[in-house]
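Below is one structure; the comments refer to it alone.
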């Protein structure tokens, strides 16, 4: 038996230590505690997963209850942990990538005066995320779902001296999704009477008619939560703004772990989704559209972190596409590989920003390759991985998702995904060439301070870079039969997922097409941006000015939301405030007050201040009472 | 006892009446106070008269309590009057109207 | 004989009671109040309430009224020659009327009840003695007795606080 | 002779005897005081009128009686006239319940024994305290009605002093009352019969020494005697409350003061010294003897002790004597309960 609570306990202890005593500890101690706790969690995860692997393939499932929590009537929810191959992958990603990012953050945040607070939040986040993926019931999942949301809010607004609209935006947009998620959980409970995964998935096929309205409603509500947390259409708008937070936060929370919680949740609920084809279709289409949509915005953005952020949204779209076409394992695989290369991209961006003293506009960068050798090299690897070039990580997972779509005869989805892949390759290398090659557009004062980041930052980059090379091929080859698939597939097979039959020839062909698309994108980007003085991009923008403006302004979605939701609510609230609250409620209160004041004005004449008058009143009272007593009968 | 109870009670009522009149009409706080004492005495008289009439000692005990309360009242009341006089140089209750609206 | 004594004492009490109310100077009011109390003390003897008589003399005449005189002299008030205020007359009228109604009610109630009054019982042995009252106080009326002690304590503290010069 | 008439005549005779005796005592106490103080101060005192000046009080009386009775114009006439009477009457009244002897047949002249007291009421102790506390009115009203600031101050001091010391005095007696279990003075005397420890008589002065000391101290204050004679302090208040008085009214104040001394001594004798009890001989002699000893002590104090300052007087009364009296009472109560001595 594996004691699972050894995994999340370390970040919790780290959080408590830093939260209560962080300000009194030396910086090195804080760093050691923060990284050490996550490192221990990673070790514990590895041990636990090792223990899981030692079990026979069909029985890889460890469950344990730490403590009872809620027990009302026949409803029960416990502090229960579950480790199966699905959560094992998640736990490894969270703890290992989290550890690397913690180490990197020690360097990145070194000069920040709120160093302990940052790591307090980060540890709390790691703990919450580990609990989220280890939870064995929906209620616990929901609690930590909100907890990671809270950490995200706190960390986006970490520099609260600056105007922190982004944190609020993330919080509010997530509320919409979480509201749906909460409703879904409640509906699930009223329907099945339990929130425990094992019982839910066992009961679902018998209690819920496949394709029925109930299961569709539940899954759509759950998916609404997922779109909020994982930044899908239409609730993605918070993620680009969340880049206001420190870069390690962007890497950890808004690329590698938290935003993938939605994917994890959908995959975890695959048994439910399999019963609801309509919901599956919605997931697939939302995913595919998001993938293309976000990629198209990324084509023209000039903020280095925003490009990567839109890329994240796009890649999350691929994961949902995978889920939607039933390729849960591939989606989770993409989640894992994406965690490596996207974290690397963010950390690389952070390294660049760090080197340039806070500059984020790529139009003011260029020719950094020589001055930031490690950063540029690892960034290049990550860009290749993200573009899906063989044999790097992204190729294996993304290709699987597209192949699954194709194999499921969802050709339109496949076409969208492929278009997205082209755009992905293009914007990644636009970014790479503009930043690291091209023309030197640095601002003079920043120019000669440019330096490579300290080892504490570059080593995590290198480790993640190695991951980009290795993770995909090592676990993903050969497709459908690699180590990863043999490990994870049983979970989804048990949930009733039907594998898509696809011939090896078709697989090869699709891989070739995908690689060709990616290569084409890279080639165009190289042609346009390698030298930095090619007029083609500008000409293209001139020629399609309308389209360019549309993309530049991110499809005017923020403006649309402002007009459609924010303004009406604002105006409604204003009306309620000025008309309803101030005039009606306050009016009633004031009127009541006036009434009593007027009554008091009348009554105060009786308060003459002369004792004698009071005595007379007293006497009159005595006379009346005595009269009553004497003559009542 | 040859004196009827009602005789005592009428005397008591009359003394009580005097006390009430005094409290209601006099402006000198000290006299007002004395009239209160007069009322208490009137009540005491009826207590004792009833006690004799009913042959029950409870009336005497109540007189004892009344006297204890009267003593306490006088101690505090006179202290208040002295304090007021120190402050306002008067014991005329008609001029003590600090509580006026 | 007893009736004559009662009549005399009652007359003294009533007359001096009236004088308490109508005297212009507080010292005379106090003196007549003392006389009233003395007359009442005499009535207490008639009613065989010896302990009450003694306490009446000791507490009322001996302590309370001395305290009154002490305060009157301490303040050394002049004769009450303050002019009439416009509302004095009205107040006296209302107060007097209310008092008349009150005493009327009392007397009426008394007349209603008097018919039912049984003739007085002969005093039982021990009636009015200190011993009987002491036994009652420490048995039947123990709790009120203790409460009285609290009241007195509060009064002592209150009087001392009020008498401090800084007050008011 | 009907029984009622007999009782009435007996009573009238007793009252006459006591009244005359008190007048005589008051007169000769003045003489005694002058003589004793003179002796203490090594001078002669009155010597001219009669042998040893023995007729001096009579001469004084005649002089006072025939002096012009001045009534100052600014005084409150009614109260000014009333005050001396209010002062002297309670002094006489208080003596009514004091048992000054056992019973007597007056050397066989009377057909049956007559008890030697005027009245024997069941609240005797309270009676004495009540009546003596009325004596203060005379002083207070005299002080106020004289319309003289020294007199007023004397009156004020007197009332405050009376109230202050009456508490301790009453408390000091409660110890005795606890042991006797009665307020009747004859009961108190009777309970002192016998011996505590032969030849020590069972007088309460031996059982309640602290009580006796407190009682006597308070008696000094209650009678306005030195060192507590602040109401009439000649040196500061120009004789205080009676500075406006002359002639017989002045004499009445003095009479009241000396009779009060006698009453206080008689009470102390009754409560603490066994009253008229004695080994042999007629009981009134014992009684008068004890009273005279105490009166001598009164005079002795006056000759020896300087006057208190007023704040010292108050501090002494409230902060020393009163707690001491309480302590004495508590100790007595506890001891009586423990030893089963309660009455």
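Letters A, B, C and D mark the chains in the order given here, with residues in each chain numbered from 1 onward.
Definition applied: a contact is a pair of C-beta atoms (placed from the backbone, for glycine too) under 8 Å apart; a residue touches a chain by one contact, two chains touch by 3 or more.
It should be emphasised that the depicted structure is a prediction, and the values quoted were computed from it without experimental measurement.
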Least step count from chain B to chain D, where 1 means the two chains touch: 2
Chain with minimal offset from the mean of all protein Cα atoms: B
Between the pairs A-C and C-D, the one where more C-beta pairs touch: C-D
Length of the line joining the C-alpha centres of chain A and chain C, rounded to whole Å: 88
Chain C and chain D, separation of their C-alpha mean positions in angstrom: 29
Distance from chain B to chain A - Cα centre to Cα centre, in angstrom: 84
Separation of mean Cα positions, chain D and chain A [Å, integer]: 104
Per-residue overlap in chain B, given as positions that touch at least 2 other chains: 20, 23-24, 27, 94
In chain D, residues with contacts to at least two other chains: none
In chain C, residues with contacts to at least two other chains: 51, 55, 63, 67, 72, 74, 91, 94-95, 98-99, 102, 106
Graph class of chain-chain contacts, one of line, ring, star, complete, other: other
Residues of chain C touching chain D in the complex: 27, 31, 34, 50-51, 53-55, 57-58, 61-63, 66-67, 69-70, 72-74, 76, 129-130
In the complex, chain A residues that touch chain B: 604-605, 607-612, 615-616, 619
In the complex, chain B residues that touch chain A: 20, 23-24, 27, 93-94, 96-101
Footprint of chain C on chain D - complex, ascending: 76, 79, 121-123, 126-127, 129-131, 133-134, 136-137, 140-141, 143-144, 152, 155-156, 159-160, 162-163, 166, 183
Touch list for chain A against partner chain C, complex: 612-613, 615-616, 619-620, 622-623, 626-627, 629-631
